[in-house]
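See the structures that follow.
Presented sequentially are two complexes of chain A, the first with chain B as partner and the second with chain C.
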Partner chain A sequence: MKTKAIVLGILAALCIAAPFLLTGFWVRLITFTFMFAVLASALNIIAGFTGYAAFGNMIFFGLGAYTTAVLMTRLGFSFPPALACSAAVAVAVAIVLGMLLLRLKGHYFALGTLGAAEAMKYIVENMTKITGGGQGITVPSLRGNPAVINTFFYFMMFGLLIIILVVVWRLSKNRLGYAFKAIRANEEAAGVMGIDTTRYKVTAWALSALFTGLTGSVYAFWFTYIDAPTVFDVMWVVKMFVILLIGGAGTVFGPVIGAFILETISELVWSRFINLHLGILGLIIILVVLFMPRGIISLVSQGKGIKDLIPVRRQAKGADR
Partner chain B sequence: MNGVILSGRQVTKTFGALKAVWNVDFEVKKGEILGIIGPNGAGKTTLLSMINGTLSLTRGTITFKDQVISGLKPFRIAEQGISRTFQVVKPFPGMTLLENVSLGALFGKDKIRDAREAREKTRAILSTVNLSGQENVAVENLNISERKRLELARALAMGPELLLLDEVMAGLNTGEINWIMGLIRRLNEKEGRTILVIEHVMKAIMGISHRIMVLHHGEKIAEGPPERISNDEKVISAYLGERYAKRRGDNA
Partner chain C sequence: MLLQAVINGLLFGAVYATIGIGFSLVWGVMNIINIAHGSFIMVGAYLSYTLYAVAGIDPFLSIPLVMAALFVIAYVIQKFSLNRVVRGSVFITLTFTFGLQILIANVCLLIWSADYRSVKLPYSSAGFQIGEVVIPLVRLGIFAVALILTGLFYLFMRRTKTGIAINATALNFEGAKTVGIDVYNIYAITFGVSAALAGAAGCLISPIMSVNPFVGGPLVAKAFVIAILGGLGSTIGALVGGMVLGLVETVGTVFIPSSYQELLGFSVLVLVLVFRPQGLLGKRFY
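After this line comes the complex of A and B, so read on.
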């Protein structure tokens, strides 16, 4: 426990010092990694803890981005109230959609959310007067030294990551988290235990939407231009699921580890094997799923090393003798 | 209420043309152990599932403490003080034994808000079912006997007034069956819990039940004290068989 606290303290100190020591490229890359870690952690609440594969989570990312963009552009809001409104819109939509879609289970729920996300994309795209339609929308940008702006967004994403990690860590120990895990394990038995499964599922999705919406809002302010095909792109969610697979779903730090590994590998592979990078990434995902179905974090949490992945075969050889 | 805590009137469940449970009337008195027996497919588990809300009724009503509970969702029925175990045990994987059982304290009748407090309360229940010392074991690593006791502990942690037990002794050896029988008696006599139990182990159900209800093809064919049921011609022909009746006669 003490070692864990020391390691986390050192990592936090490194993260705080990083923007003052690294070049702009690396600061932006780490900011991106934080962003994916937040998005994957948010997905982790509904998919990892509660067991509902919300393939449409980019609805909240897109809505968060568009709410901020529209409020700042059309109504002259400053960023903080726009950020709060983005969170509120994402949560409200998650509650309404959740009441409808969380009646579905398994693949049906995943497809339902995917359909809802596509519908939302077209709705936003067709509200031309408000959202700018296919032309997208340009958000008022921060003015000043680019290095300072980079640092500002770095700490925005880092702050969101710390908050969601605290929330997810609490979920791993508290009443709400127990309800989520029971629903994931067996929804019928959870109901029999006295858990109002509908209410808790909607709560899980609303919590997931809250952080996804906040991230979308910061993204819009950071990138200063958004359009519906980008912010409602299904690839966001695909990447979040890959991060969860690599890092470990239903754990506190799995999504963070997954995000760092995926971003590092993407960067290395992309720059060296431009034609093969998707194939290589695919291969890595297959290897992780085959040998570490609970993600890389399972090696840490079970105190195992890479060599522990092999003894299954060794035992089998021994048995043959 | 006349001491009746649970009652059913014309309780019926059909699946298409199949009459799983047909026009069953029953009453369970407070502090009583009511055994339900019958051949496989007689409708015993279906009846239990209708009582705790996991299955809806096709027709009829079920009343618990003078309130109609048929039509309520399972979690609402659990809140009223009814908990059940499953024939096929359903532990929550990915959680420890202590966490599994503390769910009962968190969401059952007492609704303890604090997870730590719930875990502490649960330790005593683990001791009741002889699972002390295994608090942090992952439930995936438990054997069948331990899983059955976990299922029972989880139901007890909900603080039920009425406990529905669905074949808690299936797959256990004689020693384990005797131990569970003793536990059920203690829960009934010392803690005053009303228990409705389904079981195929005749020695056990005849030994612990105050009354027995017999189902066959979804219909109630007999009801009464164990001695009368074991000599009932209809029950012998539908379920117990001549060999059982003869053995009982010889033992007597």
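After this line comes the complex of A and C, so read on.
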């Protein structure tokens, strides 16, 4: 326990010092990695802990980004209130959609969320007066020294990461988290034991949406230009799932480890073979699924990882039909 | 105008049925949502295009060749990789087929480049008129072939030993194993048959639609809708689902701007999932 605290302390100190020591390129790269770690951790709450494969989670990312962009350009909001509104919109949509879709199980839920996210993409694209339609929308950018701006977004993403890690760490120990895990293990049994499964499932998705929406909001302010095909792209979720698989779903630090591995690979390999970029990602996905579906973290913490989440070749009857 | 839209919708609906049958077969039998199904259709269309451009083989005639090619590709994929994780959770298989889709898209990009490709048939403008309605010969041919394929598939699943073994494996995995069915081989055959149907659909769309390496996603989105509309594992259901989607899309565009067309498809998907997850026709697969 003590060594763990020391290691975490050193890591945190390094993260805080990093933007003052590294060049802009590296700061941006690490910021991006933090962003993916937050997104994957948010997905982890609904998919890893609660066992619902929310393949449409980019809906909250897109909504967060668009809420911020629209409020800042059309209504002259400054960033902090726009950020808060983005979170509120994402959570509200998660609650409404969750009440409808969380009654579905397994593939049906995955497809329903995917369909909802795609539908939302076309709705946003067609609301040309408000969202700028196919042309996208340009967000007022921060003025000043680029190095300072880089550092600002670095700490925004780092802050989000710390907050979500604390939340997920609490979930791994508290009542709420146990309720989530009980639903994943056996939803009927959890219901019989008195867990209000619908309420907890909606809570899990709303928590996931909260952080995904916040990240989308920061992304819009950071990139200063967004369009619907980019922010509602299903590739966001695919990457989140790959990160979860690499790192270990249902664990606290798995998503962070996964994000760092995936982004490092992306820097080392993809930037050199631009034509093969997608193919290599596809190959990585397939290899990860085939050879380490329980994630890297399961190699380190034997027995503590979640074994029932991904039973490779489970012989009993499929529970998620 | 409306009648023409209805006819167009029904004619194209048969191709949608072919797409939906393969997709819902894999879902029903192995509990896998095959995201790469759209990519198989795309590969079919590319093969048909290449056979036409290089050897001058008409897309209608290249169907058996393309089906055989896709059967082999998919059989090998299932036998040597997907079978390892096929009994895992949604999470795993869905992510796997996503990876497969991306990989296939990249391979197609390297072979055929990002340009739009389609087969330009010499008789593409031929057709006849009944009253106000124009029926293009190519679309009628596509409709007929798609219906024949659907019928053959129906017979395959009911009359052949392999088809019955697929049904048995879908109904009870352990039971099928007990009576001596090589279930993992059956899985590979199922995936192969599904891909062969996708390949045939690819040939059928090649004269009337352009494909580029990125159409796999939009195509599989349509497969979702058809399978959900029809209910899992039902051939007749997929036929109905395909026709309904064809009608919704073509008739919808008469009343609603075409930019909303995609939205319409996905809205139907979500609504059916919420209100009738067992499909329009009623019964679930099991």
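Definition applied: the second predicted complex is superposed on the first by the 282 of 321 C-alpha atoms of A that agree within 3 Å, B and C clash if a C-alpha of one lies under 4 Å from a C-alpha of the other, contacts with A are read in each partner's own complex, and residues count from 1 in each chain.
Here is the rule we use: contacts are C-beta pairs under 8 Å (C-beta built on N, C-alpha and C of every residue); 3 or more make two chains touch, one makes a residue touch a chain.
From a predicted model like this one, the values you see are computed outputs, not experimental measurements.
Of the two partner chains placed by the overlay, neither chain B nor chain C lies in contact with A:78. By the touch criterion defined above, A:182 lies against chain B but remains apart from chain C after alignment on the C-alpha atoms of chain A.
Legend: residue contacts after superposition of the two complexes on their common chain; A:241 is shown touching chain C, with no touch to chain B. After overlaying the two complexes on the shared chain, residue contacts for A:100 are found with chain C alone; chain B is out of touch.
Of the two partners chain B and chain C, more residues of chain A are touched by C.
Put simply, chain A uses no single residue to touch chain B in one complex and chain C in the other. By the touch criterion given at the top, residues 173-175, 178-179, 181-182, 184-186, 188-197, 250 of chain A touch chain B in their complex. Residues 52-54, 73-75, 78-79, 83-84, 86, 90-95, 99, 102-104, 106-109, 111, 113-115, 118, 154, 158 of chain B touch chain A in their complex. By the touch rule above, chain C contacts chain A in their complex via residues 27, 31, 33, 81, 84-92, 94-96, 98-107, 109-110, 173-174, 217, 221, 224-225, 228, 259-260, 262-263, 266-267, 269-270, 273-274, 277, 286. Put simply, chain A touches chain C in their complex at residues 47, 51, 53, 55, 100-101, 103-104, 106-108, 110-112, 114-116, 118-119, 122-123, 125-126, 234, 238, 241-242, 245, 249, 275-279, 281-286, 289-290, 293, 309-315, 317-318, 320-321.
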